[in-house]
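Here chain A shows up in two complexes: once beside chain B, once beside chain C.
Our next item is the complex of A and B:
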């Protein structure tokens, strides 16, 4: 069953064949077209070196990441307390849940036109989109975590005459943390996707009006200079950052909450 | 019967009560801001939605987006399910294909929009491509996971009875993997619906995402909100539809709902 424990060289050796073959085929076929614009693996590497060396790409990524973290924090500040309250009190849950469930199916990107209308095409609108996108996975997982606390623990705490607030702080929150962590991890991934979409759309609709970020950068390469190699570099960067964020949060959860098993 | 319907009645009442409070706050804030472009009153939005529905414009765009999603889910399933079955059944095949999949998977469908715009131009192909891409990975992973989780004793039992491999796949593996597949399908539908709005917002001449952006440029906020609500309604209905399919076709997997 546990194949992952097998010789890693053997495991990745087989897997490396397909990507290498695909890349080589792409390079050969693409080069045969003799068109200076056709994206080729070699040109993509060159474009990546240029973009990283000039600092443009790292700057754009940092700008997007800053927005993601801002939106993420805003969402967490609202979703976690609210989710804990909903998970602990049936009355709060019943009264708040309809609003959450009504807005949950609305994709964050659909809110973008309203965000632009209210907050303009700058950072504020992008942060709002991320916060909206991140809010729902956070609150759903916080509620689930707070509700699935072992009832015996709650009874013990109540028997000892602890105040409700103390019970929440010392029993509910630690027990719900693994689930909250899952929510945060999903929210970060969703937020990163949302920021790329928001910046792309802002770039597309605001006539490239400078809002910056990696999404905007991609759109500029598409709309103004048609540099496909650079677009692909940005796509790879988007994927790498997504992967890195996920790994970082996973590692952080393992380090901070060793009792959570997933 | 009354006992069964009673909690539902209470839930409906609470839902209506909560949303009434929400709408009342909205109306109050709208009245205080007194700027129908920034925040129109609920009644104005309802009126706009009614007009859009009467002109069928609301349903035309919704139908276009929904049609694109159905096509995309169809294409994604046709590609991902056979591939997932093969990956789930053969370790060697999985080892060859999996790294390529894992390299592509973190790149969100939305990040493909600029390149896809260049390749397909503005039109139907772009949203369909983006949605297919977005739905492909969850369906693939769900299929692989489902096949992997099939009780080995069932497969062994079938093999002992001398049943050919193909029959084992169709009669044992696929039914056993179905619950996981349907959960994956639900995720795929949700992700592709998110992607369609982004794709249409940027690169399609029709559909809900396009309509939202079109009315925003005209500063017709009530219409914008009507279309946003429609996006939510269809998202909800699609999710309910997949859950219904789950109950209908894989009733043994209630726990996974």
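Our next item is the complex of A and C:
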């Protein structure tokens, strides 16, 4: 195997052969069916151009992102302090852990009826579902991070006479930060997944109007116009946005943890 | 007694509970006075309870019996009057060299009486003292073992504790770095100053030559259970340096202490 760094074209070019062959095969076989609704790569590209040019897709994504961000922040504000408390106090951990672990296997989409019942069929319900989904990876990783702080570092701070709360702020939090960062990354991923599901349902309940967002947009294309090409454009957009979010969060974590750079 | 006892361990016992077995006795009837301004080194084979003694003095652990005191006050908790240097550097990886050195002054009571300017000056001076000027903005992961140990020493000294407790601080270093840091340690401790102005040090090591080179007195410990076997004066003149290591008295003392612990050290290698 060639270990030397090849130029990018060579590096990615070799890996692009199968995807290109599959796309070509899809196009050829699909076109041979002569059905106007069959999704084809060419039709998907055309649909993507239309949806982006009209501003519909960017608007829907922005609306969904706003909800994900809101839910993410709500979850972080609860999960990180609670996780730190659990990681530093046996009593808190013993009480909270069974509650968290009981709810954790319940999928976010399963609490949708409650969200709609309490908050109606709009942004608030969608935010609640994102927050619910994002909460669990955040708290589990925060607890693990706070629990696994090198005990000698805690002793160093204690022998300098630091107060317990100061030790948590100046030692436990920075030591747990890499683990909290992993939790945030996973949470952002599941939050984004949950928003699509939440908007599908929230949108459906609302009769297709009002709530907006990428999930609701997909539901409209499915339920009212059966535009498979457009649904696939939305699917690709969901994937690309998820990739972008993850890269952004990783860059933010790197900026926040200069000592972990090598 | 001429010199007052700064630290005192009186009839100290320490047992550790072991699940499904009788308690381990780490220390049995351990009595030791450490004088004000003295450099006391504890040597002994592995498992003799050296680190337990240090943890008791630091207040990180409490005795099962007997008392541990500083200036006749019983030690019940860690305090900024007793600074500890740990075996594995234990630097804060998220802090730069400067951040590590400044840590205790910034977040602990040691810096309460200092304004920002005085604090900065103390940090600058301490970094200079250990020879790290120019490396202030580096992170520990970017430093060699010898430099990390210098940071740990600076972090300790910046708080100006009355007592320095050091748990095998040089054990992880290679032989050459170790000799250099032994010299540096005595310089930083203030061996050039009169004894009344020196800080009290309790230093743990398993290296006998290191003990003889550094110490005013050496406490030799024995194992199972940990007891004080002998307390040996080191009358070598200060300041000490390379010439000290070549003195016949240095060699003789090293030999003598080795003879005290050789049998146990040997047994530890075959059991």
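Worth pointing out:
As a convention for this text, the second predicted complex is superposed on the first by the 243 of 262 C-alpha atoms of A that agree within 3 Å, B and C clash if a C-alpha of one lies under 4 Å from a C-alpha of the other, contacts with A are read in each partner's own complex, and residues count from 1 in each chain.
Quick note on the criterion: a contact is a pair of C-beta atoms (placed from the backbone, for glycine too) under 8 Å apart; a residue touches a chain by one contact, two chains touch by 3 or more.
This structure is a prediction, so every number in the text was calculated from the model and none was measured.
Ranked by how many residues of chain A each touches, chain B and chain C are led by B. Contacts of A:148 after superposition: neither chain B nor chain C is touched. After overlaying the two complexes on the shared chain, residue contacts for A:162 are found with chain C alone; chain B is out of touch. Of the two partner chains placed around the shared chain by superposition, chain B is the only one that A:219 touches, whereas chain C remains out of contact. When the two complexes are overlaid on their common chain A, residue A:35 makes contact with neither chain B nor chain C. Judged by the touch definition given at the top, the superposed model places A:15 against chain B, while chain C stays out of reach. In the superposition on chain A, A:54 makes contact with neither chain B nor chain C.
With both structures placed on the common chain, the touch criterion links A:170 to chain C but leaves chain B unconnected.
Residues of chain A that lie in the contact sets of both chain B and chain C are absent, per the superposition on chain A. Chain contact summary for the complex, chain A toward chain B: residues 3, 11-12, 14-19, 22, 94-99, 102-103, 105-114, 116-118, 192-193, 196-197, 200-201, 204-205, 218-219, 221-222, 226, 228, 231-232, 234-236, 238-240, 242-243, 246. If you check the complex, the residues on chain A that touch chain C are 150, 152-153, 155-162, 166, 170-171, 174-175, 177, 257-260, 262. Across the interface of their complex, chain A is touched by residues 58-60, 78-80, 82-84, 86, 88, 90, 92-95, 103-104, 107-110, 139-141, 155, 159 of chain C. Of all residues in chain B, those touching chain A in their complex are 11, 14-15, 17-19, 22, 37-38, 91-92, 95-100, 103-108, 110-115, 117-118, 193-194, 197-198, 201-203, 208-209, 212-213, 215-217, 219, 221, 224-225, 227-229, 231-233, 235-236, 239.
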